[in-house]
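Chain IDs A, B, C, D and E follow the sequence of writing; residue 1 opens each chain.
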Amino acid sequence: MAHAAAATAGRAHERGLDVYTQKVGMWIFLCSEVMFFAGLIGSYIVLRFGASDAWGEPGEVLNVPVTAVNTFILICSSVTMVKAFAAAQEGDQKSIKIYTLATAALGALFLGVQGYEYTELILHSEWQGSHGFTPQAGLYGATFFTMTGFHGFHVFLGVVFLSWASIRAFRGHWGPNNYQGLEVLGLYWHFVDLVWIILFTIVYLI
Amino acid sequence: MDWSLPLNLSTQGVVIDRLFWIIAVLTGVAFILVEAGIIWFSIKYRRRDGQKAHYTHGSKKAEIIWTAVPAVILAVLGIYSGGVWADIRGASALPQDALTFNVVAKQFEWNITYPGSDGRIDTADDFVVRNQFHFPANEPVIVRLESEDVIHSFFVPELRVKQDAVPGMTIPIWFEATGTGEYQIACAELCGLGHYSMDAQVVIHDRADFDAWSAGQAAGN
Amino acid sequence: MATIVAEGTGQAILEEHHPQTFLRKYMFSTDHKIIAIQFLIYTLFFLMIGGFLAIMMRYQIAWPDQTLPGGGILPESMVASGYMLPEFYNSLVTMHGSIMVFLAIMPMLVGVYANYLIPLQIGADDMAFPRLNMMSFWLMVPAGLLTLASFFVVGGAASSGWTLYAPLSARPDLSGVELGQIYWLLALVLIGLSSILGSVNYITTVINMRAPGMTWFRMPLTVWALFITAILGLLAMPVLSAAGIMLLFDQTIGTTFFLPEGGGQPLLWQHLFWFFGHPEVYILILPAMGFTSEIIAAGSRKPVFGYHAMVWAIISIAFLGFVVWGHHMFQSGMNPMLGLSFTISTLLIAVPSAIKTFNWMGTMWRGNLHFHTAMLFAVGFVAMFAIGGLSGIFMASTPVDIYIHDTYFIVAHIHYVLFGGSLFALFGAIYYWFPKMFGRMMNEKLGKVHFWLTLIFFNLVFFPMHGVGMAGMMRRIYDSSGYAHLQGIQDTNALITFAALGLYASGFLFAFNFFWSMKKGKKAEANPWNATTLEWQTPSPPMHGNWAETPVVYHGPHEFSHPDVEDKDWLAQNERPDVVSPAGGGH
Amino acid sequence: MSDHAGEHKAPNYMLIWLYLFILTVAEVGVAFLPIPKAIIVWSLLIMAFWKALLVAMYYMHMKWEPTRLRLVALAPLPAVAIMIIVIMMEYV
Amino acid sequence: MRSEFLKKVSVLVAAGAMAACGGGDSGGGDPGGDAGGGEAPAAAQVDPATVGTISGTINFAGDSPAPTAIDMSAEADCAAGYGPDGPMSNNVIAANGRLANVFVHLTGVSGGPAPSGSVQLDQENCRYMPHVLGVQVGQNIEITNSDDLLHNINASPTENRGFNISQPRAGITSNQSFPLAEVMVPVRCDVHGWMQAYIGVVDHPYFGVSGPDGSFTIPNVPAGTYTAEAWHEAYGAMSGSVTVTAGGTATLSFDYSSDMAGAHVPLGEPLVIRHGEHGIEVHRGAQD
């Protein structure tokens, strides 16, 4: 129960989750994020069943190769994130700096590729005889942009926090006694990655 | 003050009203027991000098009783309700070959498509009348509900019928009137600023009168 | 997230014992007690606004052919030539419901009392994430401002009912309301975020910050109720946010999630809304049940009858709360097969409510009942909630629901649950915990007058609505005079309106008592009700950090009238069992 | 958490990364195979679930967390399942 | 339509500004106001030496369409106001070789500020009176309900911001205006599906509506040569040229015929909005 005690400055406590408070908070927050994306993904599934002819085949409109690369970028950012956490636990200051910065950069790269993808879709694609695949392009466009857009928004928030974490890394903030922040941020980041894994499959590939 | 269910004019209304009153009696008894208990306890156990409350954390037996009794009553009620519901709205409840009307709701009108002289809907002699729903008594009729714009709800109190009309869906309902007369369709789902005045005439005829009316309308068109 | 991450360790909490500026202490405070009081003022304000909207509505219903008194000061888009316009009436209907649910009752139950009571009752010094807590209040402020502003934009406030049924809510060309609807949806997203942040905080605090000895089954029922409520909010609110955002897109950028002309589905909105909406109903009643249990136990000087049964009832209500939402949609065109399963689950959820009612009566049975104002309201809650619960059985029965769905019977039901239930319990809670919050007692005489007036007027308003509903009066209609079947109930409608005026007026008695007592009330001791839970074992009001030293818990929460205690009829949770050792409490 | 760090050897994060990479490539490959759509859909869903599970178990450390925390993390899933299944029944 | 959110917000801002400027003095002067809405209100200062009048007729060739009856059988209150023939539509009136309800306006001109008087739109026996009316940009439209029942007034312009308001009983009036020129703005009542009106919104006072005899007059037109445009809901739009001399009366006629039924009826043609020295200037796209 050492961690529980640490969380509240030495006060004794009844047994909780046996995990420090910030981590509990983040997991509980992620529960609500699960419900948020469930609302969006559930609507997508239901709408798609209701009007299946309005959806394109994989690769027909959406650029699967580019997105596959983007998926790979996000997976890489997850591994750098977890490496940063491991480095913090071991006190390897140089690795902490490299990995937090790399994670933020990969996140930003993901957003850049997504921005490129959006631009291409809106300006240079054809869908059901009309020019441009936009949020107004029927349910397919609406669900696509809403789901990937909200995921992108989460990535954006993650990049903001990661930049902040990198600044702290360069100030030597993280270390074996102070890695909780990175772990909690990591949980968020991996969750965003996890959501993308689901979205990539059901939006682009199915 | 007229606090009762209005006149019932449909076969399913008989069952609905009966169920209503069954529930009213059940809940009425529970209501009296609970409220009388609260008042009785409030008076009997009100604070008195030197009185000390009875120390108890509860009784397993009591818990079991007051869990089981409502559970059993409610389960029976649920099963009974389910049976009635299936008779009214179940997939196989829709009568075969009944006279069918299309009722299309829009802000803030009811447009009723009549089957015309051949008695069949979706044929060339169908005609549409705005805000007037005539139909024959003593036989099941089917209403196919549609909406052009927002959600409306088809409500005829005397027929104990209520069903939302949802844009993009066609929802069939049926009923059988047991008497004739003039009543109203009311819209029961908030549909915009004219919601309150979205009424239409309901005229229930004898079959012969209905046929005569229908022929007259068809001729007028 | 920044806050969670930045929180570091609990060190931050302790640092705030230093002297602070007014702004830090009362505006941007991170002290859960100050935030609770901020929420209390905020919600009382919106309670007053929401009530006023209802009064205007009632006037129109009772005298549809009369001009609205004082209506001349309102813009022509609301009142034209002295008459209230139907679109304004629809806005009143919508915003009365929305404000009462989202800006008054819910934040009062959760924002005020979860904030105030959770740390105090479990023996924590503050919330797990104090800054997140502050943020959850300050997110509500723009939400409230947006809501108020929405009345005065072109087209007026949202007017598609608090349920915001699409397509009406998504089509300004059909509703006449565009900006008002957008404002309200934005407010709803903010409220959702605030509520989620609050829930994260409450859940984490209860899980990880209980004082030593405060085992799960020694937690007061209020904490249990608020904890389960937070879980409901955590899981239900995001779904509403997602749905609300989709509706916002439908309205602004031209998507068609809920619009059939673009392949969307109006029923999907209803499913998502009620997937949130039904747990929301329990968010609005569970905390009230918790307060009631607490107040009745203290007022009866008896332990809560069937504490474990009460806890399991709360938990089962929460579980079942996620599988009953379809009962709002029996007449919506939903697959009738679903109707059957939803009937069963709905009737099942009545069982735990019955259990709770019987246990409250069991608590009063053979007690030594002290009828202070809080106790009166708590007993009033049981009596009124019973009516609300019983009238719910009519709707749960699908065939009966065909007739009473969307009539005033439903209006009566929801108000017996939300006003007779939640608000009665809230009044009780305010009278009960006021001394702890402000260090002064509320005036008991005024309080009792307030109770009796409220009880009488409340029943005069809402009981006749059952009759109006049976007569077939549809909800949300501006003028019933055009319907033959409603001719007989117009005098009832007038009676209801008179009583509603009385009910609203008695609210001002309460407001006077509240603000007067804040300044001039009798000084309160630490434990004016001789109650057992932890919050009463620290000064009124508690100091920053709540405790001189961390309490240690030895008993269950409501050890009143223990036979082995001689000199008094209560035993605080943190009193050492030197005199007696009640076996762990709770059994 | 230092106590936890002692309980388990840090997993080979790169190996998990390789798994994820291979599964992603496999997914993209399967999506364009000329086989019945149902098989594609189910195999894709299984692979996506597998990947999500890898991330949750290893990167989010679920594998080493106390059971209590795992239960918290799983709590919303029944609600998700109920929501989607029931709304889907509109089409049955 | 809903996709053009930003544009509508900008229109809304314009509407707000307009209301702020013009709302104060409604009900004031212009006693000679045109209850029928058929004629343009006189501009404030007119030098009679420089202006002339356009007077004309709308001719109609071919078989006149028979007046259509409205089925008000479910609305006893509406039907009560009519004689033995029952309620007839006033939408398309063509008789004796003349066509009524044609909106005629000059194009390519801009006029002064909106007059302070209001244009009336009445709802009487569940019909709009008049059926076609013209109004200047920003000018107040006073909408009155003379029936003791609910009407709603649902204006659905494409360039301006629409409104959807109601008048639940007799004697209620509401005031509305449009900040942008638009020919024409359709208006309907959703409670009584047959009720329709059209409002021509132009940014000058040079417009008129043909009466039952097919005639219209546009007074106080500065001397010059103009293009005039006529619009009819069933027979489409056409344009003609007219030269106005100071102090004279120019004649202008349009020839419609029954075989034009079903012609393209433009509603709310796209506008070009630009910021000129007198604030926002609006031109029909076709004229630009």
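Simple rule for what comes next: a residue touches a chain if its C-beta (ideal position, glycine included) is under 8 Å from a C-beta of that chain, and two chains touch if they have at least 3 such contacts.
Not measured: the values here are computed from a predicted model.
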Shared chain contacts [chain A and chain B, defined touch]: C
Chain E and chain A - chains in contact with each: C
Contact-richer chain pair (by C-beta pairs counted) among B-C and A-C: B-C
Greatest separation from chain E - chain, by CA centre: D
Centre-to-centre distance between chain C and chain A (centres being mean Cα positions), rounded to whole Å: 34
CA centroid of chain C to CA centroid of chain E, Å: 52
Between chain B and chain E, centroid-to-centroid distance (C-alpha), Å: 46
Separation of chain A from chain D, taking each centre as the mean of its C-alpha atoms, in whole Å: 14
Per-residue overlap in chain B, given as positions that touch at least 2 other chains: 107, 192-194, 196-197
Where chain E touches two or more other chains, by residue: 3, 150, 164-166, 168
Chain D residues counted as touching two or more neighbouring chains: 75-76, 79, 83, 87, 90
Listing of all chain pairs that touch each other, if any do: A-C, A-D, B-C, B-E, C-D, C-E
Contact set on chain E toward chain B in their complex: 71, 73-75, 149-150, 152, 164-166, 168, 190-193
Interface residues, chain C side, partner chain E - complex: 65, 76-77, 80-81, 83, 85-87, 154-155, 171-176, 178-179, 250-254, 478-479
Residue ranges of chain B touching chain C (in the complex, touch as defined): 1-6, 12-13, 15-16, 19-20, 23-24, 26-27, 30-31, 34-35, 37-38, 41-42, 45-48, 51-59, 62-63, 66-67, 70-71, 74-75, 77-78, 81-82, 84-86, 88-91, 107, 149-151, 153, 155, 157-158, 160-169, 171, 183-184, 186-197, 199
Contacting residues of chain E [partner chain C, same complex]: 1-3, 5, 8, 12, 15-16, 150, 154, 156, 161-169, 171-175
Residue ranges of chain B touching chain E (in the complex, touch as defined): 106-109, 129-132, 192-194, 196-198, 200-201
